[in-house]
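After this come two complexes, each holding subunit A, first together with subunit B and then together with subunit C.
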Partner chain A sequence: MNRDGHRLTLLLLPAGIFFGAFFLLPLAQLFHIGLTGKEGWGAYTAILTDRNYFSSLLSTLGLAAITTVVTLMVSGLAGVFLQRNRFPGNGALVAMLTFPLAFPGVVIGFMVIMLAGRQGLIGDISRFLTGDKIVFAYSMAGLFMGYVYFSIPRTILTVMAAAEKLDPKLEEAARSLGASTWHVVVDVIIPGLKPAFISAGAICFATAMGAFGTAFTLATRINVLPMVIYTEFTLEANIAMAAALSFVLGAVTWVVLAVARTAAGSTVAAAG
Partner chain B sequence: MTETMKPLAITLTGCAKTFADGTKALEPLDLAINAGETVVLLGPSGCGKTTTLRIIAGLEQPDAGGKVMFDGEGVTPLSIEKRNVGMVFQSYALFPNMSVAENIGYGLRLRKTPTEALRARVGEMLAMMRIEKLADRRIDQLSGGQRQRVALARALAVRPRALLLDEPLTALDAKLRDALRIEIDELLRRLGITAVYVTHDQAEAMALGDRIVVMEHGKVAQIGTPRDIYQRPATLFVADFIGTMNRVQGRVANGGFVTAAGTIPWAGAPAHITEAMFRPQDISLAEGGDAHLRGTIAAAFFLGDRTRLAVNVGGEKPLILETGTRRDFKHGETVGLRIDPHGLLSL
Partner chain C sequence: MKRGPAFYAQLGFTLFVCAFLIAPVILSILAGVTVNYQSGVQSGFTLRWVYAVWDGYRDTIFLSIGISLACLAGTLILGIPAAYALAKRQNAFSRALEELLVMPVAVPGLATALALIVTYGGVGGFRTSWVFILVGHILFTLPFMVRSVLAVLSAIDLKTLEEGAASLGATFWQRFFHVVLPNCRGGILAGSLMVVTLSMGEFNMTWLLHTPLTKTLPVGLADAYASLRLEIGSAYTLVFFLMIVPLLVALQWLGQARPTKFVAEDE
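Up next, the complex of A and B:
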């Protein structure tokens, strides 16, 4: 028994060293740097008391949440459809949908500008139709569009894999009891896809919380936490504030995912 | 039990099914199922029995020209959710995200049944299937037999016009299968509901069916009561598929059927036949002049209460019979066989 214990410790050692060196130490250091400002805990309390910091925290959370919900809706519909309907070009379409996986945030931002920017397609069309030029690339709306765009590929493959495992007999049983298509979706398909939605949603949410490249390309003054951290770090040289914000960004994301996971009552790895 | 629903008569006319890939699952089929009757669709896999059930259910549409009628009313274009038929599947198909009681009440909930009435009906169903204690369990906490009871309760809770069962016992082990088969039989008789039951197990079909539809390659081979089908099989396929059938080759002469192993007395034998058929229970062991046929034992299986013998009489396959005698049989030993003339059949 004791021998087994020793061997287990020995085997766990590499993982433990790795975990300590690349997770615990940097995180502790980050937390510590957050305390090195003029007022000690001031950097942390400022996040709650300073209107700018707090509002950027809220808007980041809001953006990530809406991105997650919309992404899950789009990927859920498209994923189930693509899995159920085989048509010529099906494979090619799935491959195309996963295309944005390879793009850095800068490219996504660039594409949003081409679509909804000052010289963008949407603006040209709206001016032709109504005389007004619609431009939303350089705002939260543009950022939201970019985030949904790069979140869909991450989600859709997970949904398709889960949709393949749904038991068609469950849907037939529901229909035999009088369930309309709507009820089949709500009572059978969505519960069946729930584990996939939770794991894909967690990755989607965490990515949207921390994404930087797209925001940076769209506008330097956009009010999301990663941008604020960048500004504090490089322009204001307020290292303590940047570290405190970084730590809180990670902690808040982790808490949200932990709560979502508990609420869903399922074992899904929280992506931090 | 308050099952006031009038039983349903189901008629299929010219129902064929060709799948998108060109496979012909079902040749044009005509079938009339009487109100309150239990009809078993029986056959090997790929014979079209499940397709027939799915056409009745409304899960599949028959090819153009096929018609499904409920009590003389055309329901062909109606999809399953509008037909009010209960379905029970081999895989149970219970909703894993709902408790036992929620599963049973699901159809009632869809019908916007008031809470009190819903709860009462669910209670009634739980009692009927003797699963009251399981009401709040999750589905993954149930055994196979319990799951199928819940599935039956769920299907019957909404008072369906007919009950459609697709191999409901196949996933269960032998002992449980027998117990639940008896229970289903009692249930169907008590409720007087029209039931269509699909199985590949002939013993199950014989036990449950008022009538059996034997199917082969998308076609009906024979329709009849279990007794009809067993005693007067219409084709060689039916004869072989239902129970064990012995076949011996020969010709008719002088009021008997002459084979290489001896002559079986058969007064009314049709003159043209070259093969006689009889069931294992119509053969008995006999000595000397009482024996009609002589053969050698190819195999003997001691089953405890009886011994199953395979006796070679020079035909394509050895004859199968069972005997209750206590004696031991040796491979290659010669035995005399007597055939009961009432059991003789020909095609």
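Up next, the complex of A and C:
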């Protein structure tokens, strides 16, 4: 049996070597490069001490937080509804809600342009209704819309799976004891879905923190961390700062996911 | 079941969310085959933009297909043995490794790409070849293959199956190839579809890893969105949809056949 143990180690080895050479070593190198700038360790604290970096950190955190809250509300409502009510076309609606799962960020950005851009649907509708053409794709609002767009498909399946496991008897019991619909939602359904909300929310948050393609398509002027890192790297050629900032960004997202995993008691992975 | 106003309010809301997700897809497909999107579909339909994309960006399509298949091969070779070993050994080391394998998904692609560049950017032939992009894609997709196979391996009674085979005299490798592999076919298939789909659409890393000679489809898309007219961007997006929709449909069909979810799954 011990020989089998060696063989199992052997099976793990290729993935382990690949991972060490192309992920762990580069991350260590990234951390090291972050120290080589004229700021030294300062590059790592600059995100807190430099006004510009700090403001983009705040706007990135804020955007990710709002995206998470809105997405969870939307996915919670639609997901529980679709899980609870079976009607013709139910499956088609679920398919539509999960369809954009594999769209890259750039395509999501383009979808936002189709909706809220200069030739977009929202502009056409608003011009028809009020005479004013509403265009907000190329701003923080457009980015927010894009983030909600790609977060819904990532969360709805988790919420639906959790809703399936909710025991309807608990709700019946609450109702029979005189609880209103609102109380049933707040005191029975939401607590029951909490683990799913935490793990799905963590995915949302982490993805929104690190998403780059959508912002890149919409405008380079949007002040979120991934865009700042990209600008530092390409335009300013400040590789040390770009390295430090992306190391911090990676650490923040990883910590968020790790904390959520502990809280939700299940494995959480982001996609895209 | 009674269907009160609450039902219809929720149905309306759900339909609105669906419209939010699907309307821009339909609009962009329309724009890709419309003569002039600004003046509407009345201006007539054309395949001119699709041809323009084919002429200008054909290479990106083939490169993306090539990389996603190579990525699939890589994740199969690295991922399946790793998943098997992880399923068999549940100790602190395997837990840590499992945790580590998911990291490239949690860490933003931009950071991973920068890390690869500062480490291997100086290796000339490697930096400029498509293999550089492939390495990033394998890092990012490997967790999906491992988890998908691992999910199947933890669902079946691996121990009994293997003991049965061993008692009949099967060696370690015979068991691996003739008992374990056939049993996790479903997980391998689902993982493969996920890997190819993700690799085809990966942008965050690829944008930094690519060179002018190694442009993938999403990189070309970003190019087209930034510099060309809306119709060409749309036609290009249409081509992308045509490539990934069959994969997505297959994934959903598989997902319905087996209740496994690929984004966030409970263990």
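Assume the second predicted complex is superposed on the first by the 229 of 272 C-alpha atoms of A that agree within 3 Å, B and C clash if a C-alpha of one lies under 4 Å from a C-alpha of the other, contacts with A are read in each partner's own complex, and residues count from 1 in each chain.
Operating definition for what follows: a residue touches a chain if its C-beta (ideal position, glycine included) is under 8 Å from a C-beta of that chain, and two chains touch if they have at least 3 such contacts.
Just so you know, these numbers come straight off a predicted model, no measurement behind them.
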item	value
Touching partner for A:F23 - first (subunit B), second (subunit C), both, neither	second
Partner chain in contact with A:T253 - subunit B first, subunit C second, else both or neither	second
Partner chain(s) touched by A:D4 [first = subunit B, second = subunit C, both, neither]	second
Partner, of subunit C and subunit B, that touches more residues belonging to subunit A	C
Partner chain in contact with A:L77 - subunit B first, subunit C second, else both or neither	second
First, second, both or neither for A:D50, with subunit B first and subunit C second	neither
Subunit B and subunit C contact sites that coincide on subunit A, given as residue numbers	none
Interfacial residue positions of subunit C with respect to subunit A in the complex	1, 6-7, 10-11, 13-15, 17-18, 20-25, 27-28, 31, 37-38, 77-79, 81-82, 84-86, 88-89, 94, 97, 100-112, 114-116, 118-120, 135, 138-139, 142-144, 146-147, 172, 197-198, 200-204, 207-208, 218, 221-222, 225-226, 230, 233-234, 237, 240, 244, 247-248, 252, 261-267
Residue numbers on subunit B that touch subunit A, as the complex places them	57, 59, 79-81, 84-87, 89, 91, 93-97, 106-107, 110-111, 151, 154-155, 158, 164
Subunit B-touching residues of subunit A, taken from the complex the two chains share	167, 169-170, 172-180, 183, 187-188, 191-192, 194
Touching residues (chain side subunit A, partner subunit C) in the complex	3-5, 7-9, 11-12, 14-16, 18-19, 22-27, 29-30, 33, 74, 77-78, 81-82, 85, 93, 95-107, 109-115, 119, 121, 149, 152-154, 157-158, 161, 181, 199-200, 203, 206, 209-213, 216-217, 226, 229-230, 233, 239, 242-243, 246-247, 249-250, 253-254, 257, 266-272
